[in-house]
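In the part that follows, the structures are each spelled out as structure tokens.
Here chain A shows up in two complexes: once beside chain B, once beside chain C.
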Partner chain A sequence: MMALSPTRMELLRLRRRIALARKGHDLLREKMDALVMEFFEVLRKIYEKREGAFDQLGKAHSSLSLCMASWGTAETEQAAREARKGAVLETSLRYIMGVPVPVVEVGETVRTALGRGYSLHPSPSLLDRASEEFERALKMLAEVAELEEAARALAWELERTRRRVNALEYILIPRLEAALKFIGMRLDEMEREHFFRLKRIKATLERREAVGGGAEG
Partner chain B sequence: MEEVLKAELARLNSPFPRERVPLEEALSSERPGVPLTNGGFQPFKREELELLARILPSEERKELRLPILLALDPGLGRGAVKIGGRAEARAVGRLLGKEVKGGELVIHRPELLEVRRKLPTTTYYLFLP
Partner chain C sequence: MKREVVVVGERETVTGFALAGVGRAYLHSSREETLRLLRGLLREEGVGLLLVTHRVAEELGEEWRRMVREKGPFPMVLRIPDRTGYRPERDELEEMVRRTVGAEVVVRREEE
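Moving on, here comes the complex of A and B:
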């Protein structure tokens, strides 16, 4: 129980604190609800995109296996070593209710046969096809990464907001209400005591008056 | 706890767009978006701008200012969202297939989800105390 002085000032101060806590609770609950909605929307997109990316990776791996089987593992690995590595990604941030989530913009990942950097003369078209499939998968994986990072950031904020809402709902507001009730009861009691005291004083004065009047008479 | 609560309430609308730009201007911009109060930048996706341009007549494209603010007001009830501004309310109304009377539209959570699904970067949450 917090230290309280049962005064009218304290009562008014407590009422203001309760109003602020309730307003905060309502707003944070709205934020929590909206965050839940955003989080599940991001999760839905992750499932969709991840499925697409895994399908694409499956296609890429089967193209690669086909290339290795027909051209040879060592030759394919040599071409992979010769290939240019890297892709152009632009990253920035956008905000969802103050939560920074990444925006990844991937340029065109599918390159021309010349742009890949390995020697064209001995390589079969199967290698080009496998490269193209992997390049497509790369773009999809970047999109999945963007969404997964967004989900992580939203989940962290959601957890934080939920803790605040629960603290308000189950600790702060009940404590303040209990304090308000205590002060209200204490003030009522003080008023009753005061009233009773006045009645006693009045009765005493009347009695004295009666005794004094009797003595005079 | 109360200090935490006050800080949390101050944080609700932070960062916030420093300005709102007309759709017409965003469409012609090379890097559409708005600056934020924390020095960041809220980019708009071009496909969202094109979607808005498709559903609005040309005179309303100048009037519509982005991002569209989705005002969460606990006074309206849980999950209710207010969209102010004639062109903004009409744009959202058209997206949802709802008729808009006056310069304001109130939507609820399932509709909010649909709006956010279609316009994730061109809408922005605003918490009204």
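Moving on, here comes the complex of A and C:
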């Protein structure tokens, strides 16, 4: 418990602090509600896109294994080493309720057979097919990744906000209220003591007057 | 800002994404080595997307999960199925929902 001086000043100060803490608590609660809504919106989008992206990746793997089986594993891997490397994403940030989340702009990832850069002459169409499927998958996966990062960031912010709401609700505000009650009671008590003291003084004075009056009369 | 894509996984995953133009595709060998590699990649400004197969992520365990929790918005990290299509039974998203919103919430895919 904090050191308290039971004064009217302190009482007023506490009342102000409680009002402020309650206001902060309400604001944080509102923020939490908004975060939950954003979180679920992102979640819905993830569920919408993730399966499609993973299916595409599965398809890419099947055409790759087909290519490896019919053309040869070593040849396929050699072509992979030769393939032109240029998979980049245009990235930036945006803010959802002050939480930074990534944004990717995925351009066209699917390339022409020439654009892939492996030597065309001996390469079978199966290789082109596998490359194309992976290029498609890459684009879809980048979109899912963006959403998952947003979900992760929002979930983290939610936890943080919830901790602060709880700290206010279960620790700070009850503590301040207890202090307020304590000071209120203490002030009442002092009031009674004071009142009683006044009565005593009055009684003494009256008695003294009565005695004095008797002597005179 | 332009950032590159990096892949870590088994042979087929690495080969496939290299064909798609991913410049840095690393073959997973041992837990320690891959952890060291990923720790470096997470600090690199130029990495935009880090694809790691579920199987590798599982082998890396808690330390990797912690690394992902503590990173910023970039690089984005996504776990993907490998050649066999392997995905763990415990879905990371469901765990996240349980942790943040409470166990009573069930998220379903929207029905058509």
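Just so we're on the same page, the second predicted complex is superposed on the first by the 217 of 217 C-alpha atoms of A that agree within 3 Å, B and C clash if a C-alpha of one lies under 4 Å from a C-alpha of the other, contacts with A are read in each partner's own complex, and residues count from 1 in each chain.
Going forward, a contact is a pair of C-beta atoms (placed from the backbone, for glycine too) under 8 Å apart; a residue touches a chain by one contact, two chains touch by 3 or more.
These figures come from a predicted structure and were not determined experimentally.
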Is the arrangement of chain B and chain C around the shared chain A a clash or a fit after superposition? fit
With both complexes superposed on chain A, which partner does A:140 reach: first (chain B), second (chain C), both or neither? neither
Centred on chain A, what angle do chain B and chain C make, from Cα centres, as a multiple of 10°? 110
Classify the contacts of A:179 with the two partner chains as first (chain B alone), second (chain C alone), both, or neither. neither
Can A:24 be said to touch chain B (first), chain C (second), both, or neither? first
More chain A residues in contact [chain B versus chain C]: C
Just chain B (first), just chain C (second), both, or neither: which does A:32 touch? neither
Where does A:151 make contact in the superposed view: on chain B (first), on chain C (second), on both, or on neither? second
Please work out whether A:92 is in contact with chain B alone, chain C alone, both, or neither, and reply first, second, both or neither. both
Determine, under the contact definition given at the top, whether A:14 touches first (chain B), second (chain C), both, or neither. neither
Mind working out whether A:167 is in touch with chain B, chain C, both or neither, as first, second, both or neither? first
To be precise, I mean the smallest distance between any C-alpha of chain B and any C-alpha of chain C in the superposed model; what is it in Å? 13
So chain A touches chain B in one structure and chain C in the other; where do those two contact lists coincide? 92-93, 100
As the complex stands, chain B meets chain A at residues 1-2, 4-6, 8-9, 11-15, 36, 40-43, 72, 74, 78-79, 109, 112-113, 116-117, 121, 125, 127, 129
Complex interface listing, chain A residues touching chain B: 17, 20-21, 23-24, 26-31, 33-34, 37-38, 41, 92-98, 100, 103, 164, 167-168, 171-172
Where on chain A is chain C touching in the complex? 36, 39-40, 43-44, 46-48, 54, 57-58, 60-61, 64-65, 68, 76-77, 79-81, 83-93, 100-102, 104, 109, 111, 116, 118, 127, 130-131, 134-135, 137-138, 141-142, 144-146, 148-149, 151-153, 155-156, 158-159, 162
If we count contacts the way the header does, which residues on chain C are in touch with chain A in the complex? 1-5, 11-23, 48-49, 51, 68-69, 72-74, 76-78, 80-81, 83, 85, 87, 93, 96-97, 99-101, 107, 109-110
